[in-house]
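Please see the structure below; I have some questions.
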Amino acid sequence: MKEVIHTPVKALEEEEYHINMGPQHPSTHGVLRLVVSLQGEIVKSLKPHCGYIHRGIEKMCEKDTYPQIIHLTDRMDYLSAHINNHGVCLLVEDALQIEVPERVKYIRTIIDELTRIQSHQLWWACFGMDLGGLTCFFYGLRDREKILDIFEESCGSRLLHSYYTPGGLMWDIHPNFQKSVKDFIKYFRKKIKDYDRLLSGNIIFMERTKNVGHLSKEDAISYGITGPSGRASGFSCDIRKHHPYGVYDKADFREILFTEGDTYHRYIARMDEMHESMKIIEQLIDNIPAGDFSAKMKAVIKLPAGEYYQRVETARGEMGIYCISDGNKTPYRIKFRSPNFSNLGVLDHLSRGFKIADLVAIGASLDFVIPDIDR
Amino acid sequence: MASFIYDFSLLTKPIHEALYHWLPPVWALIAEMTLIGLIFLLFYAVVGLFLVYAERKVCAFMQNRVGPNRVGPYGIFQTIADFIKLLMKELIMIKNSDKLLFNIAPFIVIIASFMAIAAIPFAKGLHAIDFDIGILYVIAVSSLGVVGVLLAGWSSNNKYSLIGAMRSGAQIVSYELSVGLSLITIVILAGTMQFSAIVEGQANGWFIFKGHIPAFIAFVLFLISSTAETNRGPFDLAEAESELTAGYHTEYSGIKFAFFFLAEYMNMFIVASIAATVFLGGWMPFHVSSWTGFNNIMDYIPPFVWYFGKTAFVIFLMMWFKWTFPRLRIDQLLTLEWKYLLPINLVNILVMAFIVLMGWHF
Amino acid sequence: MDQDKLKERITALVPEAEFEENKQFLTAFIPAGKLHTAAQNLKEAEDTAFDYLFCQTGVDMTKYLMVVYHLNSTKHGHSVVLKVKADDRVNPAIDTVCDIWRTAEFLEREIYDLLGIHFNNHPDMRRIFLDENWKGHPLRKDYKDEVNIVEL
Amino acid sequence: MKEADFLDNATLETFKHTGGNVLLTTIDDVIDWGRSNSVWPLTFATSCCGIEMMAAGASRHDFARFGIEVYRASPRQSDLIVVAGTIVNKMAPVLKRLYDQMSEPKYVIAMGACAVSGGPFYYNCYHVVRGVDHVIPVDVYIPGCPPRPEALLYGVMQLQRKIKLATIADVKRIQK
Amino acid sequence: MNNFFKYFAEIYTGVKSLLIGMGVTGKYFFSPGQIVTQQYPENRKTLKMYDRFKGEVIMPHDANNQHRCTGCGICENNCPNGSIEIISMRIETPEGKKQRIIDKHIYHLSMCTFCSLCVKTCPSNALAFGQEFEHAVFDRAKLTKILNQPGSTILKGIEE
């Protein structure tokens, strides 16, 4: 007698439904491509495909002198352009053991914090827009223009400044700098209340973000999630606290730490960081010492042969610069440890089991800047 | 009564009688229908263009900017420019799409909204057709639009469109209930489903005031659920731009897209006029009983001013919602309907029925 | 744990480890074969607890290829740098550490893409930035591309 | 803005046509007026210039005044693609495809140094397209790194001038 | 019963938060004074850039059509992406000395990233930043500029 073989009927099984988010998609904030496999509206798994803006900056840096590298780090994470440049400058200064004037340190720290605020403002604007609250976009960018004005007054451009150079600054700050910064803080303290009223307290917003995309502390460390996203999970990773640079050791500020690690707390962490940044600026703005705006530098900067590592805290997390020098005026190998690249790795882990709408919220709460992922 | 000076049946009746006098009844009917159709087409275009412009200006002012202001004075010709452009834009045929359904879907959407307009009274004697069951008709017709949306999403052969269409289907099917129930609350109060009778019933006070709290609750519920039914923010899941690029009409271009675009605004206009008619007294002026002088002054304001004023107010509320709130998620959308709106609605009907039974309303 | 103690600890774990002097962090060369066990031990042992891989870099040293691991302990706050050589330039291969630190999954794909170092047991060893059919690995020092590169 | 105030008038002359019958030119005028005043851009940004494009759409500079705030996420419904940012080799086919998906008439603005010529990534770089005009035809080039929002608005006005020169006959020829 | 009150408390807090949100947008809607829009082409006459604004690189010439550029090529070397090309030539001065002067200072505006390294490192301060930002053109070739004006000479006293 022949054995009857039972084969499961395939016809009724559900097929996997793949959709392709990006490279051109409003909520991927650039040219990231996410291949999402869905079951109904629920994300089963997700594969990020990057490289749609891979420009080979690390390779280009091998041909550039150190002052020239500044203009490339600007264009990696363009929303923390100043902070990226700060990292390169610190790397060169530490390697050459140059003591930069106190004035430079103060100015750099203030401008770094302004950069952080404007980055978070833009993030808030886009976060609101991704959740469908289109007006947030306009309020965030409206207030961001005030900071861009301050930058333009002193640095000469709005977004990419190349204002820091190894050893100091391109030129001194504008005489109006202190006044306009103080005006801005007064203005923004008022406006940030609108942010809370419009979005943070909104019932729809809370329903959409609370308990969505939970990330535990262990996972945050293992995935290397830094910045506000990591700190929302309880991973104390603030480089400004742990390895202070600039004059962060002289400023009194709080490292924002939460333990919940969901989308809502990633949001709150960034909102609180804006308050902390304003606090730091307020402490420093009146105490900028007089002095030179740059240390004496040689015309051609050559780093002694060796290895250097420099960490700075950008608006999105820990930015590391690993540089191997062979004594020439160009680096032998330079590697940028970009925070977004590590943060991208966790997206699959976070969004599994949630809906597409949640995927958009989670992605927005991790605050990607795609050119920083691809470099 | 002074309001008779604005009785449009004095104008429409002679035309009607003249037509029937000069033409055989069939031709007279056809001529009447053509006339009304043309008038509505014109009205439709004007209202659509105006609403698009109004939306852009309203959102601009909410966002601290000025909005369109370079095309004509204050940018009033902006939407006309948009319309001319969309008219002349290439129509793309999608490969592997269902050609017939793909082409027919925008027409279904626009015809559904077109049909609903017919039953709405703009002023005394100024409506196309006065059904006995006007409210039922409007509810039935306005939910036809979802067929077009579903067909559009399905026939485009695009995954985003399909998800958008499915969302839209789930959304409209469930919110239809709330819309119906909140209107029924007023039907209980008015005792009729005929629009003209409902408006007449509000001559000495709008239903939103007459019906105490239940009428107000019904108004709010109607606002929420009709916003959802027109697929507008915060319920614009079907075209959620940040998730599904453009939802069910992703693949449409040119004038077919313009149909979807216009239909959204027309649907908004229709639900706003239903809200204005049923809750806010339609073309009926604002009357306070016993203040005869005040009432007489109010009567001199033409009824269509009242009507459009009230409609504009409701439309403004809906725009205000859209430009303030973040979008809901699909499960929250359904939770809102089945856990909150529907139970409240049912209780509300009971309360209203009780009030009417006891004769506590004004 | 200070540098000397760490040094002892690593020597006990991997006797072949060679240490470099005068560096910012304690730097140790680990033979490729022992990397995975050493890394696992360093992460899981209570006294070292290197749970945070904050940078992983591939370097082309012309004679050999090298992968540099920057490790940090969030608990104790100490750091160490591990270096692993891949001598074979044609088919270099190193064990993956992405089962130990999840962040390595993408970083290793990047190194594979730009330097061509293959990571054994990696779940998804594909190019991450460049197209699958891209020829060569751009960050290698001998990379030549007459079509795409315009030299200044 | 008057025509004399624009800086790049010489090139525009080469686009200009002469003659045409009265009826056709009137229709042309109406259609071109519609098209030039309703340029809906595609939400497409690759890098830094995209942020300035967003800033141009925001309250301070307000794209909406020109009637072009209707950012469409679907290429089918948009008329203009502002290439804001670097286009790399991997992205180039995608960009071409996006351009092909747009319905006629369609326009392209190359915004920023990267899109105009490759900009900072022209030399020593292995993965960047040196100018987006190698991939799709560009109507207006806006240099700057990134150009400020006013520069983008100026570029859009230049594009509007160019659109106003088109005739129906032209478009038909292109479609063939 | 507890659940029952919770249900209504939820509705109350929810609606309240929504109304607060509407208050924000409503406040701005009814206060047109808050509008921050700068109307660009209309305000062209009054539009003033910050004096450090980097619009383009220019070479200032004085009234006698004289500039300060010696053609040393430092800016060309320092430019990170080759936006500057210098073509110099050797002439004989009336005194019989051989001197290098600039023939063409070619500046690719299409590639410039405004990193200000050229302006900063120029030993004779020959370069500066211009305030012009209206550069949009129909033809990319127009973005390559020659900075030294035709017939211009070097200012006396600025030698290598």
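Chains here go by letter, A, B, C, D and E, matching the order in which they are written, and residues are numbered from 1 within each.
Throughout what follows, a contact is a pair of C-beta atoms (placed from the backbone, for glycine too) under 8 Å apart; a residue touches a chain by one contact, two chains touch by 3 or more.
Computed from a prediction, not measured in an experiment: that's the story for all the values here.
Engineer: Could you name all chains that are in contact with subunit B and with subunit C at the same time?
Structural biologist: A, D
Engineer: State which chain is most central when centres are taken as means of Cα atoms.
Structural biologist: Central chain is A.
Engineer: Centre-to-centre on C-alpha atoms, which chain is most distant from subunit C?
Structural biologist: In terms of C-alpha centroids, the chain at the greatest distance from subunit C is B.
Engineer: Applying the document's contact definition, name the chain pair with more C-beta pairs in contact, A-B or D-E.
Structural biologist: Top pair by contacting C-beta pairs is D-E.
Engineer: Would you kindly say which chain has the C-alpha centre located farthest from the C-alpha centre of subunit A?
Structural biologist: B
Engineer: Please tell me the distance, in whole Å, between the geometric centres of subunit C and subunit E computed from their C-alpha atoms.
Structural biologist: Each chain reduced to its C-alpha mean, subunit C and subunit E end up 42 Å apart.
Engineer: Using CA atom averages as chain centres, what separation in Å is found between subunit A and subunit E?
Structural biologist: 25
Engineer: Roughly how far is subunit A from subunit D, going centre to centre by Cα mean, in whole Å?
Structural biologist: Taking the mean C-alpha position of each chain, the two centres sit 30 Å apart.
Engineer: Can you check how far apart subunit B and subunit D are, centre to centre, with Cα atoms defining each centre and the answer in Å?
Structural biologist: 37
Engineer: Mark out which residues of subunit A touch at least two other chains, giving numbers and ranges.
Structural biologist: Only 25-26, 51, 54, 56, 59, 63-64, 71-72, 75, 135, 138-139, 142, 145, 160, 198-199, 202, 204 qualify.
Engineer: What residues in subunit D touch two or more of the other chains?
Structural biologist: 58-60, 62, 65, 73, 90, 120-127, 145, 148
Engineer: What are the residues of subunit E that contact at least two other chains?
Structural biologist: Expected reply: 18, 21, 24-25, 35-37, 39, 80-82, 113-114.
Engineer: Of all possible chain pairs, which ones touch?
Structural biologist: Here the touching pairs of chains are A-B, A-C, A-D, A-E, B-D, B-E, C-D, D-E.
Engineer: Which bits of subunit E are touching subunit D when the two form their complex?
Structural biologist: Those in contact with subunit D are residues 35-41, 44, 47, 55, 80-82, 108-114, 133-140, 142-143.
Engineer: Note which residues of subunit A are touching subunit B in the complex, please.
Structural biologist: By the definition above, subunit A touches subunit B via 17, 19, 25-27, 41, 128-136, 138-139, 142, 198-199, 202, 204-205, 207-208, 355-358, 360.
Engineer: Applying the document's contact rule, which stretches of subunit E touch subunit B when the two form their complex?
Structural biologist: 11, 18, 21-22, 24-26, 28-29, 32, 34-37, 39
Engineer: Looking at the complex, which residues from subunit B come into contact with subunit D?
Structural biologist: Going by the criterion above, the answer is residues 56, 60, 63-71, 75, 77-78, 80-92, 241, 245-246, 249-254, 257.
Engineer: With touch defined as at the start, can you tell me which subunit A residues reach subunit D in the complex?
Structural biologist: So the residues of subunit A in touch with subunit D come to 23-26, 30-31, 51-56, 59-60, 63-64, 71-72, 75, 78-79, 122, 125, 137-139, 141-142, 144-145, 148, 158-160, 370-371.
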